[in-house]
């Protein structure tokens, strides 16, 4: 917790002050006012934006704000009431389990290299050794004699969490591994450096990078859904209570056929059948 | 080496340095503009961004920038100018005054990420303003305050004391002298300070990202709505790898606005000086 | 009451009122308005206090938990294991900043000397406009440029990934250039013309005059510009993140990737909770104190320069 | 009294952009004497002084026509080393301008820039120059202190000592006493008499009595022209030009 308890009562007083200062009040029940704020993971943000755009088209009176800020910011905001929905790309911590969570999609995590890299398949053991700093040259994996530039995400990132859990197991990612703090930055790095390897959301894979088969399975929505491609993580909408009113309407839309179709179109894996 | 050869050598080196500086600058600006200009057109400026900015334009981002920056100036300018008047016209050397001065210097030195952290815990969470234009504007206001105070104070101090004495000698009160004589004479400097602050606010990323949010789906209507500024938009586009084409276009718009702001400052100043000379 | 008496009385009262009213109004204004000025000035002080309070409060608990010494000198940063040592980032920040100063300051100083002493008017005007523009470009653009132009270049020259102290330092050197240049330019310009003439009249060349009299006379201002540049370099975030690689290992050479204090905060804040989040605020505190100390140093040099003049 | 000519100007004109500040001045300044230049403000006497060691080069937009001959050599001819000229023709300004460094470093500045580095020799030069400028006794115990701590009169003598250290032949002085009190001013005049034996001195002054007291020759400037140049005695007792007479007797504003 960022704030000790005693400040929470203070916060009530200060809220009143702010209402006076700002001269416009936040309706205690935003659902009726027709406005939702979604805050959280930058990985979830793109799909949230498309979902929100569509939902607003269907309900012209409704207003949805989609913010980045990271999973934690999302969860904190929901806890403090600053946002109705938190978007998380990582599993909730045990201290956060008092919140209500809805998995809206699955996201595969693809291991990617530069398109010119001759390596096209990799085993779990090899990736683990690369990220643990035990394998440092591509020649050890049948590639050219060049030093490997391994790229990881920052500590706490949902993508990294899933990667660590499924790929690294008990091993730690070495502190010599380059850290980038966004999917885009990892992809840019890999696309520019012929010797780089990284892991990114499957939805973000484009022609600038080459996804590797992992344990013989190519990452794709189908293989993730079938469970044969094992590296994936959930995209979660977090609410303080089980959703009601407008928030419920929106989440129902997301889980409904229209929403799940959008999820799929964005390169993610739907959690509900929409056929 | 004789002094004359040394001088010649130094001149060559300095010209070379100047050339290098210019080259670096131009290469950065040209690199961005060449890729950006083809995508900048009326549609780009007036359409809403779609799919995180991958498609569409930057209309909501422009509006957000305008709101956040204007509001931050609205807070920072009166306070900054008043503080500067106090320091330049009233302050005697005292503990309080040196504490104020130290605060201003500290505020000027605080890195923007600290402002961002503070804005996030204080305005967004503690005061429950949420990610909003008001949170972003207040954070930016704090950030640009020292710039305004310092430039205003400098220009007030640069007003010759003979002017002030002349005014006081005519029987004007201190306040009248300040408002009728000192502030008008210092106006160009004050304006420069405000425009410098504007430039900083327009270009700021970290502090705005953490306080004003990054929503760009619709036009903000009230100051409680979140907003995305140009700098934040550029950061998201390039950093999240959403669209380099749109990123270059946004960067071009940003650089052009900064250029426009700079030229505006310069031309205002020249015009003001000319008026004084006549 | 007879009218003949009351009339002059009221007119007298009116006259008095006429005479007094504006005066009294002005007097109260003269008293009140400076109060408003002082209040505004105090807001700045309050802001610094509140900023310190909130940032400190959010980070101190962790420092207490870990211990200041092990927080500052710990070589391992592993939030998932609850190990928080920021020595690599502290080293990273210092290394990147110092290298940036070594690269940027001579160029900036040379530029300032060129602009004030040697440049023909037209060149000087163009150059100044360029410097202003350079100062106005948002840091993201610099980072952008670093990723697309600088990193591939470094990869070609030195091999490896390109992410390095050097890459960060080059980007920062370009970014602090305008600050250092314009502040030292001001310092050089305020050196009285008489000093220059005095030296020239002794048969010194222009360059000897600059070296022997102008630069020494402007040294405190020039020094202050270094400190300002250093503060900017230490505090810069967005551009640095994009090019230094952000590893948490202690750097051993300028070609090693590093993470700076600012990068540590920005990179991990998005997903941090609990102790981890506090540790990031604590990183912010270290940065904050560092920059405050720098400001203090700058203030002292300024004070010294004023005394010696 | 016939003396060799140290500096001569021939048809010397100076322009500041379009404005002609000096008009065709021809003058011969004798060696080992003090020449005073008098005239109202803005008459061009300071400009004239600054042309004699090319200090006008510093002012942007200034242009010189005609010749200035130092020992018969034109200092404006192509390929002349300006530093060398200024080393030979020293200048003392109206406002004392010691550098913001120690007294010692101020005096040693000139020899150092001309390549002298040995401490022993420098010590000797500093002492000799300060003695010659009648300042040694006052500052010998505080040579390492900042020169900015000296009084105005001391500063002006320090500046002269600084100039003496480069062994000039000519001294140009632009109202050197105008910022000084009468006592310091008196000391300075005494110093000028001393210096006259070894140097040629040209002094611009507003103070007519001073000109009459210290100089042997006197030139009267008006509106960029030299109205009259003669022995000081003659100028003050028997001026040839009506305008000179009017100025000396105080009929000008």
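Lettered A, B, C and D in written order, each chain numbered from 1.
The working rule: contacts are C-beta pairs under 8 Å (C-beta built on N, C-alpha and C of every residue); 3 or more make two chains touch, one makes a residue touch a chain.
Values in this document were obtained by computation on a predicted structure and should not be read as measured data.
The chains in contact with subunit B as well as with subunit D are C. Centrality by Cα centroid goes to chain C.
One finds 14 Å separating the Cα centroids of subunit B and subunit C. Here the spacing of subunit A and subunit C, counted between their Cα centres, is 35 Å.
One finds 80 Å separating the Cα centroids of subunit A and subunit D.
Distance between subunit C and subunit D, defined via averaged C-alpha coordinates, is recorded as 47 Å.
With touch defined as above, residues shared between interfaces to two or more other chains in subunit B number as follows: 3-4, 121, 126, 210, 238-239. In subunit D, the residues that touch at least two other chains are 83, 113. Shown for subunit C are the residues that touch two or more other chains, namely 58, 148, 204-205, 208, 242, 266, 269. Every pair of chains meeting the touch criterion is listed here: A-B, A-C, B-C, B-D, C-D.
Contact residues on subunit C toward subunit A in their complex (touch as defined above): 58, 76-81, 88, 147-148, 151-152, 155, 159-163, 241-242, 245-249, 257, 259, 266-274, 276-277.
Residues of subunit B touching subunit C in their complex: 3-4, 6-7, 10-11, 13-15, 17-18, 20-22, 24-29, 31-32, 78-80, 82-83, 85-87, 89-91, 99-100, 102-115, 117-118, 121-122, 126, 142, 145-146, 149, 173-175, 199, 202-206, 210, 231, 234-235, 238-239, 247, 251, 254-255, 258-259, 261-262, 266.
Listing the residues of subunit A that touch subunit C in their complex gives 1-2, 41-42, 68-73, 75-76, 90, 93, 95-96, 147, 149, 154-158, 164, 172, 174-181, 185, 188-189, 192-193, 195-196. Those residues of subunit B that touch subunit A in the shared complex are 50-52, 54, 121, 124-131, 134, 209-210, 213-215, 217-218, 222-226, 236, 238-242. Those residues of subunit C whose C-beta lies close enough to touch subunit D in the complex are 192, 194-205, 208, 212-213, 216-217, 308-309.
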